[in-house]
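Alright, structures below, take your time with them.
First chain A sits with chain B, and in the next complex the same chain sits with chain C.
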Partner chain A sequence: MASNLFQSRSWGKFTRNRFAVVSLGVILAYLLVAVASFVGVITLEDTQVRVLPDRTRGFLESSDLDKRSRDAQWFVERTSLRVQRAELAPESYERLMSELALRERRVADVPLERMAELIERAESQLDDLYDALDDRDEVLDEILFIDLELRRLGDSAEDAALASEMRSEREALLARVSDVDAAAETRIAAVEATILEIHPYPGGLGGLWYGVRTFLGSDAQGRSISMKAFYSIRIAFQVGLVVAVVCVIIGTVLGAAAGFFGGWVDYFVMYLVSVLSSIPTLVLLGVLVYMFFGHPLFDNPAERPGLALVPVYCAMCLTFWVSTCRVIRGEVMKIKNLEYVQAATSIGFGRVYILFKHVIPNTAHLMFINLSLLFIGAIKSEVILSFLGLGVKGQPSWGVMISQAKDDISVMFFWEVVTASVLMFGLVLAFNILSDALQDAFDPKHVS
Partner chain B sequence: MWAFIIRKILYNVPVYVGVLVLVFLALRVQDPVYQYLGQEAGQEQIDQLRRSMGLDRPLPVQFGIYLREVVTFNFEAQSWNQRGTEVGEILKRSIVPSLSLTVPALVLSTVIGVFISLIAAYFRGRAPDRILMIAAVLGMSISFLVYIIFGQFFFAAVPREAGLGWWPFAVQGYEPWIVFGEGGGVYPGRWVTYCMLPVMISVIVSMGYDTRFYRAVMVEETGRDYITTAVAKGATKPKIMFVHMLKNAMIPVITRVMSTLPFVVIGSILLEMYFGIPGMGREIITAIINKDFPVIQAFVAVFALIFIASVILTDVLYAVVDPRVRLS
Partner chain C sequence: MALIEVRNLVKHFPVRGGVLNRVVGKVHAVNGVSFDVQRGETVGIVGESGCGKSTLGKTIIRLIDPTEGSIKYDDKEITTLGHGGMMRIRRKMQIIFQDPYSSLNPRMTVRGLLREAIKFHDVVPANQVDDYITELIRTVGMRPDAADKFPHEFSGGQRQRLGIARALSVKPEFIVADEPVSALDVSIQAQVLNLMMDLKEKLGLTLVFISHDLKVVEHFCDRVLVMYLGHIVEELPTRDLHLRAKHPYTRALLGANPIDDPDDRRPLTVLQGDVPSPFSPPPGCPFQTRCPRVHDRCRVEMPPLVTREAGVNGEAETERVACWAVEVDEQEKLSAGAGAR
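After this line comes the complex of A and B, so read on.
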């Protein structure tokens, strides 16, 4: 059945469509990442462990002074706390330092005395930094105050002298801003240099991995955004493939049986289709997920993250086969009156044999198109369900990422939302183009 | 015509009963009382809640009660999560906000979608058509969530934050078209402030799907004989497009509008959740999250009823527009 498909004229038409081939390549690239996660290159642990301070921006976007000083403070505080403890109990020094590791990025391998020295230096530099920041804040506050005063004074004539005086004062303050900024800048650079001494970047392969982990920044709990996003690709493929394959199988068998046998089989299948399509999809999905709430096996993401996906699979498989069933039924009703089916009947083949051997293989093109369409539908629904808190639990997915990051938006931190949406956009777009191309090639008369 | 309508309704009665059975059983796969109260609940509390919903009676009796509630449209069970509120009360107060979101969105997206698809079909195969169709595929591929989150942030939160007092869109909340004041006065509600942005987002989201479908319809219509006739008699191209073709393309358009109703409902669920509009979608999703069994049970029944009614309405409209349908 498949080999016939690849030799058909339609397949040639499909491969001549450049967009389709490119989108197929994109899908393969995604698939590669998904497989990498399956074989254990990217593990669930990678997505749950801290690699950076909270909400660090990704590549090409530098953080502002406040964020950098907060990060510096975070680094120094967590190290100094453990150094103090190690000074009381030197035998635990190694263990305490290993707790500080941010995946590949470990604390420098130096004796305790040296570390204490470094921390002391960092702390004093941090104090200097605070002084510089205080100066800076003072200047900025003064400017803000003058602005408010000027607004209050407005254009009233009697205060014109006062206003002009304030304006010149404001100019002077503005000139100072760059000075205090530069002062803070040099001091923060000093602290960061010390922190790098305490917490050097790893070299070699580890450094490369650490770069992969950090190039898209970190989320509100310091976890790697890139790892979460890559792991989500696997979840998307898992959900998409399982749902699409199961739905196509159910839909094809039931739809073909309904179209081929007619009579009460047809009535029964169409009745099921009508019932299931009478409930809005998202509501039906919600109700079906509700069936599994609190189940010790299937709603236990902490211990069984794999099985926690089962409610999502079940809900979508029960919901989405309906569209495939309709399409296949219509096609089979056309096919069953064709000559080759009549010929097979007159030879004396059984009805079921004809159905599986002659009718269903001729709906293969529709199965492929529906596979692609259902894949998109499943991914999109998964994201929406997860966003509402009804979908994936205990592991990252694009929906979970977007829902976790929606509070970041109000503080102008877009890295997590944008990463998840861009990756999802790429995959859905590739599948959209692929379905269009499949449809054009194999089912040109179809009105989408 | 009446025979047709009655036949349609009679066909859909067993379908509706099937929906009710499905929902009824799905909600009882696990004990709903236990689901809601969790493991720490005392036996007394469980028993009391179970009795109050009649969950201690045999299944057929329970189904009878459910059926009676749905048929008489009298949902007097109390919500578990919102204590002291009847389900019917929640239903009543949430229908109008939902409709004030979905109806304008549906009308706008249909009108704009048909218009754009006519433009695309008019320039078929040329640059405007190509650009519109590429835009449609791109628009379809962006997640609904992205539209909502960024739409709200950039078109409501940022301008409000920046102190633009005249900015028309609010970040969250709802107010109906008409507000009845305390002294009996009637004021126009700030519908535009609260619902216009969600409506616009909904329209933009459905635009991709709609234009592609309508364009395909229009393109198919261009091959018909009556178009050839119109061309032969010398009608201008715009006249053919907007007069001859549009009328005949109305049949698939109506079907499409009706069949997008569930999509609009889904869309409005997310919009209602995010924009804080107290509509039906928001109620049912919060009910599912909170395991509020009486509300889920009643709301799904009502959703399905609305849906089936819209399906029947589609068929009837279809039969009105295209008399051939009645005969089959």
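After this line comes the complex of A and C, so read on.
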């Protein structure tokens, strides 16, 4: 079967399309990640546990001094708090230190005395850092003050003299900026070195895995952006596949029956279609979400995160099949008058057999297009709904990520929004290209 | 006894319109048609586009349910049969379609579509199906490797052969050929016609051959029914057709055929105007609007289909004509004959 596929004309046509092969590769990569989270390589817990200080930038961008010093302070404070408690009750030292672990990145395995020493050193280095930062702030404040004064001064001779004096003073201050910056830089480097001693990076496989967790930075609660984004791929595939398959099956069967049998079947189906397409999906989803509100099975994201998606599936499956149904109905109305359908009738086949054997297979190209359109559409809708807080609950999703990170944008932190958007964009684009190429390749009448 | 007996067959298609989608009228596609087809005979049905010949052909094998009238196949009434009863009869009557491009399911291989029909009717035991398919494909003059190809890989003529193979696959006795060659090139037409003639001889088929080309029908059929606006206006043997034809419409059809003799310069009788709308046919003779021999009686009274002896050279054959002018001619001929005697 498989070897047949790889030798077929369609496969050859498909592999000649370079975009299609690239997009297939991209989708396979997505699929791999989705499978990884299905089999438990990436767990829900990975997306919920702190791995870094808040809003750490990803690998492409280095943080500024203020951010670095805040992070250093955060590291030192949380460690020193536990060291103080451990000094009161030394038997709980190990437990307290294990609480500090950031997944693979654990606190150095040293005795309490050594740890206390390190903390003391870090705190004094931190104090030095604060002094340096104060100096730096003072210089920067003075420059700012002079700039404001200069703007206030007029054109009189007196003012001009004052202005030139101030300018020379500003020059001197500017020369000092690089000095105070360098001083602050060396001091923060010292603190960071000590922190690394307390909290070394893990080596080996653990280090690699920690690198995967941190290479896209962390969100406002210090959780790994990459893990959240990867786990969202699984959610996207889940929603996309369930909704697309269910909708295409419902839409094809109802649409084909309506077009083929006509009469009251057609009236009934088209009535259903008209009614459903006049209800906005968002409103229906809101109703369904409130219907399931507080339900022990379907609104229990903490214990049953999978079932918490059921309202989302229901709302999308209820409304999305209508577009497929309309298209299939029209095509079937065309096909049922073709001569090969009459030929099948003249052989003596039953109506239902003809519908499933001769009519529906000839709508396969439309089913294919609708499958990919609905897959993409469902993913996009899921993102929008989750953004609005109506969709995925208790699990990460690209929509949830974007909605959580929308406040970060005001502090110029784009990592979470961009990661979620780029991953969604990549999947949707690759899927569009792939479905086009597959449609071309598997259409028996299309010759290239 | 005739294999097919059609009596007063009527097919009206309802026309819906208006806001409430009510039936506002009907298209009179077939209007009280009666004829017989003898076993082993080939009957042609000719007429111009829209005269109801395809509807008639499809109604005979009940692809379309008739509005009124009776169709007897082998002395068995088939218009009242349910699905189960019809299924057994369907094996005996098949159809070959006009358009070879839409008559084969594009998603099925040739083998698939033949096997489906063969298995459905258990034409041959399951272990012989593949051999039988190969044989069928050879029978219609194609190579056996055609079996595993899809319809789009064939030309129009080849597809029409496959259409014939499908019709033959259930070993029918009776085949309706609905303009089987009109969509093909002239050279291919001859091939397909010859193939059909050979098969008819070999398998002893009974054929109803629908065409708008009188020349093909003359060549191919034993008898011809000339249809105009849902009525049979003349029925006659095809031998010496141009000598026998009496109805003005048949004569006009004959006149429209190109003549293969440059010295034979008969005046052309060209029909004026169009066929009246089958939505509202005129009272009286349907051909009155274009008939060169129309007179008052034609406008009010429908001429009956009168059966006569038509023996040219003393053969015992009958023909049927529905025309008042021909009626008058015959009366005169009779009285002239009586006067001479």
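FYI, the second predicted complex is superposed on the first by the 402 of 448 C-alpha atoms of A that agree within 3 Å, B and C clash if a C-alpha of one lies under 4 Å from a C-alpha of the other, contacts with A are read in each partner's own complex, and residues count from 1 in each chain.
Quick note on the criterion: a residue touches a chain if its C-beta (ideal position, glycine included) is under 8 Å from a C-beta of that chain, and two chains touch if they have at least 3 such contacts.
Given the structure is predicted, the values throughout are model-derived calculations rather than measurements.
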Just chain B (first), just chain C (second), both, or neither: which does A:Asn362 touch?
second
One more residue to check, A:Ile119. First (chain B), second (chain C), both or neither?
neither
Which of the two partners, first being chain B and second being chain C, lies in contact with A:Leu390: first, second, both, or neither?
first
By residue count, is chain A touched more by chain B or by chain C?
B
Partner chain(s) touched by A:Gly348 [first = chain B, second = chain C, both, neither]
second
Please write out, lowest number first, the residues of chain A touched by both chain B and chain C across the two complexes.
none
Interface with chain A, chain B side, in the complex: residues 12, 14-16, 18-19, 22-23, 26-27, 29-30, 34-35, 38, 137-138, 140-146, 149, 153, 157, 212-213, 216-217, 220, 252, 262, 265-266, 269-270, 273, 284-285, 288-289, 291, 296, 299-300, 303-304, 307-308, 311
How about chain A: which of its residues touch chain B in the complex?
271-272, 274-283, 286-295, 380, 383-384, 387-390, 398-399, 402, 406, 409-410, 417, 421, 424-425, 428-429, 432-433, 436, 447-448
Give every residue of chain C touching chain A within the complex, in rising order.
58, 61, 63, 83, 86-88, 90-91, 93-95, 97-99, 102-108, 116-117, 120-121, 150, 152, 163, 166, 170
Of all residues in chain A, which touch chain C in the complex?
338-340, 342-350, 357-358, 361-362, 364, 444-445
